[in-house]
Amino acid sequence: MPGRTIWKGYIQFSDIIVPVKLHTAVHQDRIQFHLLHKRDRVKLHQQMICAYEKAPVPPEEQVKGFELEERKYILVGPAELEQTGPEDGRMIEVHEFVKDGQIDPVFHERMYYLEPDTTSKEYHTLAGALKETGTAGICTWTMRRRSYLGALQVNGKILCLSTLRYADEVIAVKSLELQKTSLSEKELKIARDLISQLSAPFQPQKFENEHQKKLQALIDKKVRGEKITLLRPKHLKPTAPDKLLEALKASLKRVA
Amino acid sequence: MALQEIWNGTISFSLVAIPVKLVRAVETGHVSFRMLHSKDYSPLARKMYCPKEEAIVPADEIVRGYEITPDKYIVITDKELESVSPERSRTIEILEFIDIRDVDPVYYDHPYYLVPSKGGEKAYRLLVEVMGQTNRAGLAKFVLREREYLVAVKSTDGALSLITLHYSGEILPGEDLFPKEDKIEAGEKTRMKKIIRDMTADFHPDKYADERRKKITKLLEKKAKEEGTVEAPEIEEEVEEGVVDLVAVLEESMRKVKEHR
Amino acid sequence: MSKKIVDAAGRRLSLSNLNKDLYPSYGFTKAHVLEYYRRIADFILPHLKDRALTLKRYPDGTEEEFFFEKRCPAHRPAWVKTAEVHHKEDRMTVCLVNDLETLMWVENLASIELHVPLARAGSPETPDSIVFDLDPGDQANILDCAKVALILRDLLFQMKLECYAKTSGKKGLHVYVPLNRKEATFEDTRRFSKAVAEVLQRNYPELVTAKMAKEQRTKKVFINWSQNDPSKTMICVYSLRAREKPVVSFPLEWGELEILNKQGDPDKMVIMHSDAVNRSEKNGDLFREMFTKKQKIPYL
């Protein structure tokens, strides 16, 4: 079952308008844990605690503040924040198109399926045009008083809209301060051969969340009162830099 | 910027093992507000609270529970959790390499960066270079805290990024959304393709800024000028014993110094 | 390149570019720098001994670019003493300046400033002293530092701790509390210095800040307690500073500091190379207690 419709709007660029409905594309079902008090296993709740009184504060006594300097806040009321919200509109405005593969996955936030709304001809035409040009549309729109940056893409015959992170939300690689190291042509070549040997098509259905099943089994065991054998995590010994070429060669031998 | 380490271990492919740390790749760019108490403007903090004892519960008194029947729990310890997939909690083992362009963006969940630990710089650089040149990404499974993730490790701007992927079972089928295909007018599609080509450029995300964030910043500047700030009471930091004595002694000594000066 | 072979304590050392103007606005050449360090050697060497030296080299003089060098240069003569130290996860070989010939060799590399950690290379986790690095913010000067130093001295004295002050050679003052105890740890010295800095900030909010943030330092003296860290270094007492003029980081007696504070002339707290040599030869090493005085951090 596809997710429910969460919003309706129009894709627009040049003189083209395509009415669409947004649907969620992902549903996660994961084992949920709760936090308990150790001594009596009472379920704990998160509370907003006043740092001064060390006591919970009810929602009606909570206000928003922006810390200008230590302990000094500018108070901002809900009405004022409301004013800064963008005007809700229905237009998903495409500003430009970029070649597929130009948007690094680190920018991707969440994806929605698009369903044609009222008429489907333009929808299919757009899907076909995007596919044949190998492009994605960079667009902006406003939904629930938030402005979004996104990518309009085609997947099979379906149009999809991904929300993208703004550039200043992605940490620049520069700030990781990675060291430059030089590599020999030989190391590069062997590594290329090895990776090509280890390559396979992307088949996500091959991978199941085994962990979730094993975790469920462990819980069931505990419920039945059976003993749990504890296993220690496996640590791998890092390959020493001067043994890298050797390890690559041995790897290649193993797979070739 | 100091990047906080979320996890550390090794990433491996075939017989090569590289020591790495996992760090964040994104940070929220929203203007960050603090919740305050309207009575005295002291800041509020999210804490775990016991409704029965009506008290804040310190971290060492909190355990993880799984609800078997309403209000009945069994406790799962960290060790037990780690024991579920012991081979994956400290190792990101690349099972195979794939063409990153084959991964539909619907699979992307959350991005991180990997950075090399001491001694791993060279092998790390090798993996970055070769995956970058060949558009490959390593597919691996690994366990972070309570969950196991399917992840793609790829080369991003000269670093390794790690993208957690949704399992295929979590992806909702999209096909059902679509009524029968309408006939596409070839002429209209050709016209649309021309418009798309005319509008094609390189991806420069920094061209787009969050307008709302700008407006909030403006609002704050205006309010700071016109209304000024409120002040929270000074809160003594909770300090360990011993230091309490030191601070008390220092204050007492300070008092004496001031008397004599 | 002009070269000259000299004899330093029986070892042959080749000195280069002796006429190079290292302080061009003042007219102070590499030969002058070497001569300063030769004359101050008896005073500075005990303070450099067995400490991992960080070289701060000014190959083209104090008005051009410099670079820090923590590793002992690989092209060192065989007789230069070194130590292996661990810095975070790095291991490296550092120079120990334990004798005149090494001091001359280091100066021949134009390492005008000599920076050393608070611990010796053999016991890198054991600080010999606590330091309070008094650094004036914008619109504050060394006289404000002197005021803070005098309050700090009184406060420490109340806690039965002796302390010693020197000029930084730039705009600030450094106050040291010798410990010379095996059980001292950087965790303790950091905790103590932070608590002291915060008490001073609470009591003299107009004059003192314990916060690193630049905007909080305007018109105030920043007490940099975070220097009490195994990875940090301080300018060594008697070291030249790379400014326009050859100024020295020089010890001052508390009585002198009180007088200078009353006179209110910041320029009188600038100790030049020649004063440094003359005063040291006359008064001896005012920092000699740094190696001998055993003191315990109270209430930790």
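Order as written gives the chain letters A, B and C; numbering starts at 1 within each chain.
Definition applied: a residue touches a chain if its C-beta (ideal position, glycine included) is under 8 Å from a C-beta of that chain, and two chains touch if they have at least 3 such contacts.
Everything quoted here is computed from the prediction, not taken from an experiment.
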With centres defined as the mean of Cα atoms, the chain at greatest distance from subunit B is chain C
Argmin over chains of |mean CA - global mean CA| returns B
For the pair subunit A and subunit C, the C-alpha centroid-to-centroid distance in angstrom is 51
Cα centroid separation, subunit B vs subunit C, in Å, comes to 42
So, in whole Å, the Cα centroid of subunit A is separated from that of subunit B by 10
So subunit B residues touching two or more other chains come to 117
Contacts with two or more other chains occur in subunit C at residues none
Residue positions on subunit C within touch of subunit B in the complex are 89-90, 151, 154-155, 158-159, 191-192, 195-196, 198-200, 202-203, 298-300
Seen from subunit B, its contact residues with subunit C in the complex are 117-118, 242-243, 245-247, 249-251, 253-254, 256-258, 260-261
